[in-house]
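In the two assemblies presented below, subunit A is common to both, partnered first by subunit B and then by subunit C.
Our next item is the complex of A and B:
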């Protein structure tokens, strides 16, 4: 028979279906008992350990707690040197910023989709919403009317000055310098943030309802304040932070493998680490899904013999009955495609 | 006056209906004794089999507590002690769910549970694990607290690097909340449901034969040399029998 092909039984792919004895098994009762037991366990854990809820950081809390860090971050938003301003896709089109592995550069291919102009969106735009503040409106107009070289001279001078700034009872004090209107701009932005108005300006984006916090989060994440708080909570990247959460809670422990790749070379020092780690995880996920098709890997369970522990009662019974009589089996062997 | 008897399968054109075909296929794939069995193979006596059941009932608690949180909105648990309690139930049911799902996954790996046309069962199990990770991740992003701020601003780099950030913005609370409470739960429930149906259809994988131990070329691994587990069958004539394996 030409249509028929002989295929060797492979113990890692095929199975001899069970024709031995069966036992009564109330599957619904088991599920109900498990449901009640897990419910009790979850209830106990919730009562004893509750759940963490650290208050969110706002631009107000940040600028009040650390106005110097806020001002040092704000000037980089204005002059376009902040991490967000130079991020690349999907926030802007900074050349060469997108991560890549060789020619594979998916972020660059997909381009800018949440456009962020840090100077306009984070600094100049919000200040223009302040009512009745002639000084800041004049400073913004002067800055916008200036040449690119003049702006750079002012912002460079301010960056040097703000490096020596002081926090005097929550008030920003910056040494004098040739920074033109930039001093007024950053000082007003800081006081605007301390009042809470900057949170509203960045979150609202001109609408009454809004659920998109991309811009305020990007601003807050540009400074050191959020990262310092995260460091105290053991949430930094080099502290396996992606799988942790605040307090002594287990967090997303299932992300251990993803987090691990960031701790090892070359990813721990690579500028393309995120894409490399995601690439590794995608490959490993596909390997896991298609593991039944992969020779050697699919034999690991049989070689490991861990299954003898799982089915130890079965093998014990089998050993006892082996002498008595051989067991009849029928085999299910998958046809070759 | 009695109504004339209706033929069970009607005319040929009726039996070719999509509805009739779907019913026949469902009856064939899932006869009641297979869908809700009251007997199982004797080899089922292992705690490893419990992990899958616990994973499913944990998911029931995850969904139940999530529905309670959804009733009152995303800010409720920040301002109400009752809300905090249900958020805690939600959190810990997720932790229990993942703990036992990972044990279930490892258990099934060491049982080589894909054997005997069960590869799709294995694949749906892995995919449900991956989709569950995404569902849990969006939950962390939807907390509206420091955790969600930090996790989102860190995770954005990974998502953006893949290009997915162009349309899947982890900093967009509204988008992440919708994914967390609508799209991903539907995905998890659908895949887990399919996984359970496949388990019912194919049954629990039997243990390795004694002759399969070590390398499949004979011997049970203890060096004594037992029956060789290599059977050559003619494909196309070999029966597919699942007697006594209805779980």
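Our next item is the complex of A and C:
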């Protein structure tokens, strides 16, 4: 038996050396022409359609447009029941909150590496930066000095009261109740947000140019205001929002497959949907990468014969020369199954 | 007037978007137009003959 075992010819794996005709092709010229053509097209489309220009949603715009929703969200930041406060890693260590598939729990493994204490970071801390406001400083001190049970009693009472709050010409009006200093705290936080100071307090990094909007975004995302705006623009996860853009602008159509998984069971009702969809896409990506090694799938391009449509001139000439000289061209014919 | 003309777009695509609902599928009309355009370009790329450079096969 010879050391080099001769394998049977497989058209999906083996390629005969091409000995047929060839033509010169200037790929640099093609790239340059394509660059110029696409550049002109982009310029033309930019002039005709411009680009989306939605105004940024800030704590100021939110608290001004809907102070009741702002206050209802702010109290959940204070008592630690907001979506951010209970999100789990990377913001906090809420037990069982991290998405997982069986033992695969990457968020939990990476831990809390961007800690957010919603009460301190979103409410009490910013209020303490207000200069010359003795009433709010006293309210914050009273709240911090109180027992855990007392705080919970105050915040529970305020949550009940703020459910019936009203927006009177942009001013928050909450029915009276036994909520102690919490009324002053949320009222001041609302007016601070309406002035724009809360945006500055949450995004300030001590640098001239600020690029980190994580905290104000987390705060805003806890309320209903941003979600309602997103829903109106078809940008929610259950609206194929990943591939949409605001208004009538085309969006990220190439994300159709990624966002499609969020619309079907069990992902559309799963608390681990992000991880499950990511897992599906990783498996499909691996299939694509290793396509040349996967039997049956790797034969689809040969069976579909699209290549014969693209190179139809070549195959037409080949067929003609076969008719004319059946013996001499046999060496240049591609192997077929 | 001149500034608004220069800074604005000739066709305004802002406003309320238009969407097509088909079962669980929701697709914006704008995305549908882009997808159809991509399919047309793909078909044209296959149908239009490959450019020749006037020379013969070597």
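The definition used in the following text is that the second predicted complex is superposed on the first by the 315 of 337 C-alpha atoms of A that agree within 3 Å, B and C clash if a C-alpha of one lies under 4 Å from a C-alpha of the other, contacts with A are read in each partner's own complex, and residues count from 1 in each chain.
Note that in this section contacts are C-beta pairs under 8 Å (C-beta built on N, C-alpha and C of every residue); 3 or more make two chains touch, one makes a residue touch a chain.
Everything quoted here is computed from the prediction, not taken from an experiment.
Colleague: Touching A:318, do we find subunit B (first), subunit C (second), both, or neither?
Modeller: A:318 contacts subunit B only, not subunit C.
Colleague: By the touch definition at the top of the document, which applies to A:263: first (subunit B), second (subunit C), both, or neither?
Modeller: Only subunit C; A:263 stays clear of subunit B.
Colleague: Once the structures are superposed on A, label A:310 by its partner contacts, choosing first (subunit B), second (subunit C), both or neither.
Modeller: both
Colleague: When the two structures are overlaid on chain A, which partner does A:250 contact: first (subunit B), second (subunit C), both, or neither?
Modeller: In the superposition, A:250 touches subunit B and subunit C alike.
Colleague: Looking only at contacts as defined up top, I'd like to know whether subunit B or subunit C touches more of subunit A.
Modeller: Partner with more touched residues of subunit A: B.
Colleague: May I ask you to decide whether A:131 touches subunit B, subunit C, both, or neither, giving the answer as first, second, both or neither?
Modeller: neither
Colleague: State whether A:53 touches subunit B only (first), subunit C only (second), both chains, or neither.
Modeller: both
Colleague: Just to be sure I read the superposition right, which of the two partners does A:289 touch: subunit B = first, subunit C = second, or both, or neither?
Modeller: first
Colleague: Should A:239 be classified as contacting the first partner (subunit B), the second (subunit C), both, or neither?
Modeller: second
Colleague: If you stack the two complexes on chain A, which partner ends up touching A:107: first (subunit B), second (subunit C), both, or neither?
Modeller: A:107 sits against subunit B, while subunit C stays out of touch.
Colleague: Which residues form the common part of the subunit A surface touched by subunit B and by subunit C?
Modeller: 21-25, 47, 49-50, 52-53, 233, 245-246, 249-250, 253, 306, 310, 313
Colleague: Of all residues in subunit A, which touch subunit C in the complex?
Modeller: Interface residues on the subunit A side: 21-25, 47-50, 52-53, 233-234, 239-240, 243-251, 253, 263-264, 306, 309-310, 313.
Colleague: Given the complex with subunit A, which residues does subunit C contribute to the contact?
Modeller: Within the complex, subunit C contacts subunit A at residues 8-19, 24-31, 33-35, 38, 46, 49-50, 52-53, 55, 57-58.
Colleague: Mind pulling up the subunit A residues that touch subunit B in the complex?
Modeller: These residues of subunit A touch subunit B: 1, 3-28, 30-31, 34-35, 38-39, 41-43, 45-47, 49-57, 87, 89-90, 98-99, 106-107, 109-111, 113-114, 211-214, 217-218, 220-221, 226, 229-230, 233, 235, 237, 241-242, 245-246, 249-250, 252-255, 272, 274-275, 277-278, 285, 288-293, 298-299, 301-308, 310-315, 317-318, 322, 329-336.
Colleague: Show me the residue ranges of subunit B that touch subunit A in the complex, using the header's touch definition.
Modeller: Residues 36-46, 48, 50, 53-54, 56-58, 60-61, 65, 77-78, 84-85, 87-93, 95-96, 98, 102, 107, 109-112, 114-117, 119, 122-123, 126-127, 130, 133, 136-137, 140, 143-155, 157-158, 160-163, 165-167, 169, 171-175, 177, 203, 205-210, 212-216, 221, 229-245, 247.
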